[in-house]
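Structure in structure tokens, see below.
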Amino acid sequence: MEEFVFSYEMEVRDYECDIQGVVNNSVYQNYLEHTRHQYIKSVGIDFTELSKKGINLMVKRIEIDYQSPLRSGDQFVSVLRMERISPLRFAFVQQIHRKPDNKVIIKAMVIGTAVNERGRPELPEELMKVWGIG
Amino acid sequence: MEEFVFSYEMEVRDYECDIQGVVNNSVYQNYLEHTRHQYIKSVGIDFTELSKKGINLMVKRIEIDYQSPLRSGDQFVSVLRMERISPLRFAFVQQIHRKPDNKVIIKAMVIGTAVNERGRPELPEELMKVWGIG
Amino acid sequence: MEEFVFSYEMEVRDYECDIQGVVNNSVYQNYLEHTRHQYIKSVGIDFTELSKKGINLMVKRIEIDYQSPLRSGDQFVSVLRMERISPLRFAFVQQIHRKPDNKVIIKAMVIGTAVNERGRPELPEELMKVWGIG
Amino acid sequence: MEEFVFSYEMEVRDYECDIQGVVNNSVYQNYLEHTRHQYIKSVGIDFTELSKKGINLMVKRIEIDYQSPLRSGDQFVSVLRMERISPLRFAFVQQIHRKPDNKVIIKAMVIGTAVNERGRPELPEELMKVWGIG
């Protein structure tokens, strides 16, 4: 079974649903981003501090497989793990599972990089230390 | 009849509609904000320039009367005029009309102020000149 | 002091913030709507059931006073109470308070009505019983 | 050079930008969806008619490569073409180009299917006729 290091619970809000009565496809990206940001905060990394040093994290690619829709009122858990996939790129492997039946709703891979103060890709030490990918 | 000095045309996008098949109430605020920003740009005011001088425009109060809903695919025109309502406050009177029957969808009043570099309310000359409210 | 009968806790998500680094004005309407729907659910009213009987709840007017902005990562509590303001209209009095200092962020009044299966305004018994406004 | 059969022009709205001053990653999915729906409408397919026959179009997978960000006020053109990639699946190949320099902002592939009135995947004749993929 796939392992995840972080999980975060949320609930569908009615304004996130569209005419079909299901969560709009783009809203899952909001859920995924919020989960990543909560994870990064949980490991002690401060976006604002990084920004002040001129380091910006950015998403380069996203892949989402939609397996089953969430509906109004559904509760779900959003899980992730992080992998370094090249010297300059890392990937978040993310999934959303409905509660309480644990049905897989989406599977996603989000590939990111960091750009340093000279505008060049460079993963900062802060990230690599926390993620144990030095 | 009420007069407006600026009008801007838009079209409902499906992701803006909710389970009832109508535009979600909060989305009208997006339409209204976009119209105000297009208007401000049209009269030659540059938000970024104002910000650099430490001047920030901010909304203090909004009132919206919902008269009829917009639906998927509807085209509409968003109109406004500006009034100075006190030495430190201005109001945007805004309406959204459906096309082509001109049915009134919402009527809104948006009250704003500007805060200067010392954090005090003060309407900048740029605004007053353009709006003829000096 | 004003009394509220329902409170719901949320946290600002980064995608809800705009260029100024504060929650966009329209997003507060999402918070307010989600709070109302959670409240209505909490008192045992089922939107879907009401819809099947041809009864639709709708917002007719909203007033929001913006007192102070929420920022990335802020936690807040959204509170409300309900009042019948005329034979055919009810009002939600709503506020959002930042945590932990309890600073008032916005004050809002949301006026709604219900439309029956013949398209006429009529507050259904289910609402009046729960809200004790029969 | 890649060919596209449909193009649609839009402009970034300020509420779509986040703290970094660029369009939030999830908003591009809104742009892409709106473009697909405008395309589908342009070829004479009516979602509502399809729904009444019990046919639903759904997105199964999305891949987006983020090449360069859009900023406040940017104008852009969103282009697409359609391909049938298996008996039961079709793909929209989509790109967004900034105006007027034609810089590529994102490249995306959106894979969809249609589900018939018995809940089984089946591409309806309406689609295949229009797209010439019968």
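Letters A, B, C and D name the chains as they come in the text, with residue numbers starting at 1 for each one.
We adopt the following convention: a contact is a pair of C-beta atoms (placed from the backbone, for glycine too) under 8 Å apart; a residue touches a chain by one contact, two chains touch by 3 or more.
Bear in mind the structure is a predicted one, so any value in this text is a computation, not a measurement.
**Q** By CA centroid distance, what chain is farthest from chain D?
**A** C
**Q** Counting C-beta pairs in contact, does A-B beat A-D or the other way around?
**A** A-D
**Q** Just curious, how far off is chain B from chain A if you go by their C-alpha centres, in Å?
**A** 34
**Q** Which integer distance in Å separates the CA centroid of chain B from that of chain D?
**A** 30
**Q** I'd like the Å distance between the centres of chain A and chain D, where a centre is the mean of that chain's Cα atoms.
**A** 23
**Q** Which residue numbers or ranges of chain A touch two or more of the other chains?
**A** Residues 14-15, 24, 26, 30, 33.
**Q** Over in the complex, which chain B residues touch chain A? Could you list them?
**A** These residues of chain B touch chain A: 14-15, 17-19, 21, 24, 26, 72.
**Q** Along chain C, where are the residues that touch chain B in the complex?
**A** 20, 24-27, 29-30, 33, 56, 58-66
**Q** In their complex, what parts of chain C are in touch with chain A?
**A** 13-15, 30, 33-34, 37, 41, 73
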